[in-house]
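Below is one structure. I have some questions about it.
So that you can tell them apart, the chains are marked A, B, C and D in the order they are listed, and the count of residues begins at 1 in each.
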Amino acid sequence: MALRLLAQRSLARAAPSHRLFSTGAVVASSHGLNRLKEHYHNIVAEDLMVLTYDHTKVSPPTLKNADLEALLNNAISEKVEEPVVVAPKVEEVRKRKGGKPLKPIQPLKNGSNIPTLDKITVHAMVKDAIHQKNHILSAFMALQSITATKPEVIFAKTSVANWKLREGMPIGVKVTLRGKEMYQFLDKLVEIVLPRLKEWHGLPMTSGDGNGNIGIGFPPSALALFPEIEGSFDMYPKMTGFDVVFNTTANTNAEGRLLLSGFNVPFKGAKTQTKK
Amino acid sequence: MSLFARTGRLSLSRQQLLRAAAPAPVTGGSGDQRLEIIRRVLFEQPTRETPNLEGEALQQHETIERAWKLHQNQERERRNRELEKKFRKMSAAMNELEKTSDRLFKAAIVKSRHITFPREMKIPTETPSPQGWNHDYTPPVEVVPAKNS
Amino acid sequence: MIARTLPRMLGKGAHLSRSFATSIQARAPLVSSNYRIASGIVLSRTPQITRDSTPFEKAYFDYSEKLERQSAIPLPADFYFKKGSLAERRWKEDEAARMKAMADPKLSLSEAVKETQVKQEDADVTTQMNKFETGSRLSEADKKNDIKSLNRALQRTLYLIVKKPRDQHAWQFPQGAVEEGEYLHDAAERELEEECGKNMDVWFVGRQPVGHYAYKFPEDHVAKYPGATGAKVFFMKAHVFAGQCNPDNKEVVDFAWVTKDELPNYVSPEYFNAVKDMLSDL
Amino acid sequence: MLSRNAIHRVSSAARSTLKLNRTLATEATPSFAAPKTNVNPAYDEALKLIAQDKEYRYSMLKKVEKELAKVKKANNSPTQKQQLTRLQQLAIDLQVKAELNDPEVQWRFRNGMRDMNRPVHRYMVEREFQKDRKSKLLERVLQMRVCPDILEQFDPTAQVIVEYDGNSVQEAGIFLQPGETVKPPTVSFVNFHEETKLYTVMMIDPDVPDQERQTYQQQCLWLNTNVPLSTTQPVVSGGDTILPYVPPHPQKGTKYHRYTILILEQPSGKIEVPSVEDKRFDTRSFIQQYQLSPRGVSFFREVWNEDVSRIYADILKEREPVFGKPPKASKYLEDVGRKSKKYLLL
């Protein structure tokens, strides 16, 4: 019951229309569209393009995205095409500064390399699995429930004597989400789970791995906030904490944060720039 | 949503599962019956037959998938074209601004590392809120601290 | 006054070049190589609801949903639902509706479930209380075609255009001259407030222009603004989240919220050509 | 997604291997039966979308053709050539993309009814070669050292099909029996140019032992120059036969021989080749001398069997050489054949 209500509530923003329209003539709807994806392409992408614009790094225009009319105009134009002189590539010797690893070179900006969400990884390490393997099942089931994808089991890469961990022991579970599943999971996370987390006001404004990927760690109690688990909470012997890592195609943390905030992921201390 | 998409029947009820799980040999020290249930649910499920498309159904399927790819291509090209146009427009404006006024240009390229989208920005939903647009918004009154003269 | 015109720049004092004394004086408009510099605002109301899916998108979604269901792992319902619970009963009803829809390629799984849910809710008193109230995808303003209302064209991006008290080129995006010592985004904020009132929750997207438009003043205009023969407008991008435009009836006498498609009905063709590339089709 | 995999399995099974029109002309051709509409709404909508796209592209094609005619008329334009090539490219592109999604086109392609006169089928065959077959061909060519033993690595542009009576070399590097390759093969080069171009076709055996120099030599078993080929005429015939076909005859005692068929384009048109020596043939210098550019390659392997002896006796009319390692001088046997004593009494 609770599950159903919650599921309904969770769907309220995604598809609340089903309570209004019952039968009868076909009602115009966004049936089959993914609202986060649409939101990204309609609004976020363009704003990101403006906010991450760098006037010193503009790639020259190409005909790559041109429509047929433009291609035709190009074909009949009487401008003589100058042979493209490709300057020999000078391998720039880049040195590490202060022992930090080198950052990848940022590509030139244009309309089609705007930061976007690439994948979401949900990962849980189960410490109890060291002593008894089947404790991993609980986390396995939980991750499968919340992501609707079969997780993969992670095996220990190295032995740690202090933890009695040996190489090759199953120690965690992981799900990698892309595309439709990714957006559905993000929707659930942002609309249901994050607002109900206790004493959590948002990601810190310093979050990010340096290359625009951002992770959140969740306590075991957060798992119960997912509508799929709330209804059958007592069927899980143990709740585990888990990490959610957002892999973006952004190049810097600032761009990564900007992208996530476009999906309504809250950030702590973020000042809204609206007028007072 | 995803939960309801994956559907099917399992012949045993929860209680039956518990009962059935009880005599099962428990490996290790603290055996929990619920773990056994989860194991059964995860790995001893009846699997569905994969749809075997052939003949006309296969032909239809391939046409549908082809059309879907075409549709996605069209959409992507349209989006990229629009963004590219906007990008070039913006780039041209910045070039113009650079030529016009150095001071304005320098102010325009200043960026904050701590900028986010405002929380007021809402993601579109299937239907609008019943209240509709808030036309009567007034800015919150600024509390001006008393000046010490 | 001072506080408002102070450039709200980052990097603290670096850009606070203006002294307080000059700011109080009446400021002259900024002129560069015979062009007055103006700052325009492309204020948009983003789509409020997701767009209608095309018939193909709808049909493909239903088709692939069924294919997926055929090969997906069955839901261990007894794990998720307590036996005899309301949730289980409802799930069974949904499931029955789905089974029925599976047989007919013309029926949609999602819509079949929606129908049973509506029936269930009508029958159940407790959920009546929790019933969601939602607005309609086609609003009253759409039916009346009220171009002043922000409840209109919910699937599209609406742009604010204002009408100046003159015959030619009356309609345009809000714009105003950048004053000496002012930055583009400051000028944009100030102009929007002066022309359209304070009662709008506005967020400016960045500090850089997203487009520009240069034009020559008409003959009678040149005399009014000595030293300039035309104007260069740099457009700033902004979103509105709440509120409504209140024109001051001096500089601006009317306003409208229009989509990109409707814009040519108001503005001149050359103006539309200059701005169309920075507007969204949707 | 399980379902997708299953479907792909089915569809790839349905996909037939590449066959030429020539071979198919004799078979009874089944006709395309379009699935019924008004049953599955997704299929109906898909057809509508595809038709819409097709119509749009054809309307653009009309415009392009108009422009083409205009440009052709304007004779003294300095950019005429550039405009023409661009417009023609655009026209072909439009034609291909307009028809590519047509269910019937796809069905015909999958069932081997490939009409190389149609740009769309040419495009599909070329894409199939570039995506599927090329990597496998190059892998084999490199693994078995055809490159660099015969010539440097190059980028093949199309598939070479070698067919002996009843046996075809579908995959480069397969083993054939010497008895099967006595008669000259039918070689086809599935190219994609409508205009006729001249090619040189040769068969090289790089594994013939050279006893004098104690190494291997290349032998040219077949050499044809000035062979006219086009997309509608892919089969090698005509041209000037410089060296007539000699059946592959791997010598007794040698390891497998790689019989390599090379298709070389003659970019500068007709070439005149005086007689060439087939033994100690140098492919590299031949290519350099006549400025040929390699376009396609295929090869098969053979080892000795009794048929080779027959080829030597009947066709080559030579004494059959037998190769082998020289006998090892044993330190335990003396010249007279007596076993030397292990311990010598000094």
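What we mean here is this: contacts are C-beta pairs under 8 Å (C-beta built on N, C-alpha and C of every residue); 3 or more make two chains touch, one makes a residue touch a chain.
Listed by chain with UniProt protein names: A = Large ribosomal subunit protein uL5m; B = Large ribosomal subunit protein mL40; C = Large ribosomal subunit protein mL46; D = PEBP-like protein.
All figures in this text were calculated on a predicted structure; none of them were measured in a lab.
Visitor: For the pairs B-C and B-D, output the one whose chains share more C-beta pairs in contact.
Guide: Contact tally favours B-C.
Visitor: With chain centres defined as C-alpha means, what is the inter-centre distance between subunit B and subunit C in Å?
Guide: The computed centroid separation for subunit B versus subunit C comes out at 21 Å.
Visitor: Subunit A to subunit D: how many Å between their CA centres?
Guide: Chain centres of subunit A and subunit D, defined by C-alpha means, are spaced 47 Å apart.
Visitor: CA centre of subunit A versus CA centre of subunit B: separation in Å?
Guide: Subunit A and subunit B have C-alpha centres separated by 8 Å.
Visitor: Spell out, as numbers or ranges, the residues of subunit D touching 2 or more other chains.
Guide: 2-3, 6, 40, 42, 45-46, 49, in rising order.
Visitor: Going by the contact rule already set, what residues in subunit B reach two or more other chains?
Guide: Only 3-6, 14, 37-38, 41, 50-51, 64, 67-68, 71, 85-86, 88, 90, 94, 109, 111, 118, 120-122, 124-127, 139 qualify.
Visitor: Two or more other chains in contact with one residue: find those residues in subunit A.
Guide: 16-17, 20, 29-30, 35, 38-39, 42-43, 46-47, 50-51, 53, 145, 228, 235, 272-275
Visitor: Touch graph of the chains shown: is it line, ring, star, complete or other?
Guide: Shape of the chain contacts: complete, all pairs touching.
Visitor: Where on subunit A does subunit B make contact in their complex?
Guide: The touching residues are 7, 10-11, 13-17, 20, 29-30, 35-36, 38-39, 41-47, 49-51, 53, 55, 58, 61, 64-67, 109-112, 114, 131-135, 137-138, 140-141, 144-145, 147-148, 181, 184, 205, 227-228, 235-237, 254, 257-258, 261-264, 266-267, 270-276.
Visitor: Show which residues of subunit A lie in contact with subunit D when the two form their complex.
Guide: Residues 68-69, 71-72, 74-81 of subunit A touch subunit D in their complex.
Visitor: Can you list the subunit D residues touching subunit B in their complex?
Guide: Listed in rising order, the residues are 2-3, 5-7, 10-11, 14, 34-36, 40, 42-43, 45-47, 49-50, 53, 101, 103, 106-107.
Visitor: Name, in rising order, each residue of subunit A that touches subunit C in their complex.
Guide: For this pair, the touching residues of subunit A are 1-5, 8, 12, 16-23, 27-33, 35, 38-39, 42-43, 46-47, 50-51, 53, 145, 150, 228, 231-232, 235, 272-275.
Visitor: Any idea which subunit C residues touch subunit B in the complex?
Guide: By the definition above, subunit C touches subunit B via 7, 9-11, 15, 30, 32-33, 35, 37, 45-50, 54, 56-57, 60, 63, 65, 67-80, 82-83, 91, 94-95, 98, 113, 133-137, 139, 149-151, 154, 178, 183-185, 198-201, 203, 206-212, 214, 232, 234-235, 239, 241-244, 277-278, 280-281.
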